[in-house]
Amino acid sequence: MTFRATHAVRVGYVDTDRAGVVHHSTYLRYLEQARVEYLRERGVDYRRFELEEKKALPVVRVALAYRAPARFDDALVVSTWVGHASRAKVRFDSEVRRGAELLLTGEITLACVVMPEGRICSMPEEVIAACGGEHAS
Amino acid sequence: MTFRATHAVRVGYVDTDRAGVVHHSTYLRYLEQARVEYLRERGVDYRRFELEEKKALPVVRVALAYRAPARFDDALVVSTWVGHASRAKVRFDSEVRRGAELLLTGEITLACVVMPEGRICSMPEEVIAACGGEHAS
Amino acid sequence: MTFRATHAVRVGYVDTDRAGVVHHSTYLRYLEQARVEYLRERGVDYRRFELEEKKALPVVRVALAYRAPARFDDALVVSTWVGHASRAKVRFDSEVRRGAELLLTGEITLACVVMPEGRICSMPEEVIAACGGEHAS
Amino acid sequence: MTFRATHAVRVGYVDTDRAGVVHHSTYLRYLEQARVEYLRERGVDYRRFELEEKKALPVVRVALAYRAPARFDDALVVSTWVGHASRAKVRFDSEVRRGAELLLTGEITLACVVMPEGRICSMPEEVIAACGGEHAS
């Protein structure tokens, strides 16, 4: 069973643009917070991880498909799970819904780097464990 | 020959995050402005287009690959061209470079909708023409 | 007794800048959402207000004083009350705290305009009532 | 004679909100970049300053007055000068105009801190000099 974290979002006024809908860049903020909450629920405090491990998980790939627009003050739910995890990368998959309606699907791939140099390194054990990596190819 | 528009960007302080690099969401702002400038150079004033045609070109798909980080005050150049254009969709492809170094590649796909309803419609003739649609499938 | 609304905020990664703290512009987003929640608790659904009344409450003045920085993943509380209300303007005052520590004080003044023209008009009765304007000087 | 730096801004789509105008928080981004350009014109490379001096100039106070809205694709000019400079603080004053029309006035006050601790320190000589501090109280 794949673990799914759900993260509630209330659409802010600043999140919208002159077309009257949520700007396409705003969803990256929603999905980022959803990943932080996913990790917290799986036992990884991402702030502590960065500070103590001197590592970070930068985004290396983004794929988003927009199905329907969200609007100001909508109550959205971001559902997030790990679509793929390896020693090199973890891919978080998300769906954004308003009630039953699917508004967006996203795949965000993270690598792991040593800070502050930014040199690529292996995904740490605690991240692999939190992401169910034992089953990953 | 494919037309390419180039758009210069100076990285702002607000564009960065606590990792000391440009946040992954910021590039969507850079690429959006690059598309507006692409259209302007090809004879389409996008503001006038929205106001007079009562149509808009919403983003329906985003694919970004991050190669290397940009930093505060970097002088970047966004190169943009049309990768694919049809009656239904136009895909703008972009590269972001700092000097010769490639930092990001992106593909942003737009549809056309009638405003304010948001109903999908055919890509207007002037957009097709600006995007070199005569060669599009 | 002045009514105070409290709004909880979790600091996101994107909210920070290369100095490792929350960017000074980010607080305007926090305070804006706090005002929306203030109005909701006082019986005014701001989305409905804009759509049905064809009016909006644009920000006409901002005053912020930064006392101490917030950081990624901090749990903040925004406390908001009406500092002044008249037929012409409403001023929302806010404090942002992390636990007992005061990080920011802000005063955001709103006017009322008829949309879409943007012509200044009197503050509607329901807004005045929600803001306790009967006691305002 | 007070030195004034001018910084040109093209309003982006993402800069707007559902009211069809530039969101009030966006101007803090415009004014921040205008300050960076002011300092550059006066001989201070702010990126180098942060990296070499291990200091930063955080915003400690913001005061903005909105006179008229800006809209998508407007060509704006931000004019910036030093309104007050001392050993403790520098206040940058800005006007945002669209042609002759004044849209916004702003006063942004900066302190100086030692990084990464964030401890308040005196404004460095090079900043004082760039800000015309010889005349400051």
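As written, the chains take the letters A, B, C and D, and residue 1 is the first residue of each chain.
Heads up, the rule we're going with is that contacts are C-beta pairs under 8 Å (C-beta built on N, C-alpha and C of every residue); 3 or more make two chains touch, one makes a residue touch a chain.
Keep in mind that what you see is a predicted model, and the values were worked out from it rather than measured.
Q: With residue numbers as the basis of comparison, which of the pairs A-C, B-C or A-B duplicates the interface of A-D in over half of its contact pairs?
A: B-C
Q: Determine which of the two chain pairs, C-D or B-D, is joined by the larger number of C-beta pairs in contact.
A: C-D
Q: Rounded to a whole Å, what is the gap between the Cα centroids of chain B and chain D?
A: 28
Q: Report the inter-chain centroid distance for chain B and chain C in whole angstrom, where each centroid is the mean of the CA atoms.
A: 33
Q: Approximately how many whole Å separate the CA-defined centres of chain C and chain D?
A: So the centre of chain C lies 23 Å away from the centre of chain D.
Q: Identify all positions of chain A at which a residue touches two or more other chains, and write them in rising order.
A: Expected reply: 13-14, 20-21, 25, 28-29, 32, 71-72.
Q: Where on chain B does chain C make contact in their complex?
A: 13-14, 16-18, 20-21, 23, 25, 71-72
Q: For chain B, which residues count as touching chain A in their complex?
A: The contact residues of chain B facing chain A are 19-21, 24-25, 28-29, 32, 56, 58-66, 69, 115-116, 118.
Q: Would you mind writing out the residues of chain B in touch with chain D in their complex?
A: Per the touch definition, chain B meets chain D at residues 10, 12-14, 28-29, 32-33, 36, 45-47, 71-73.
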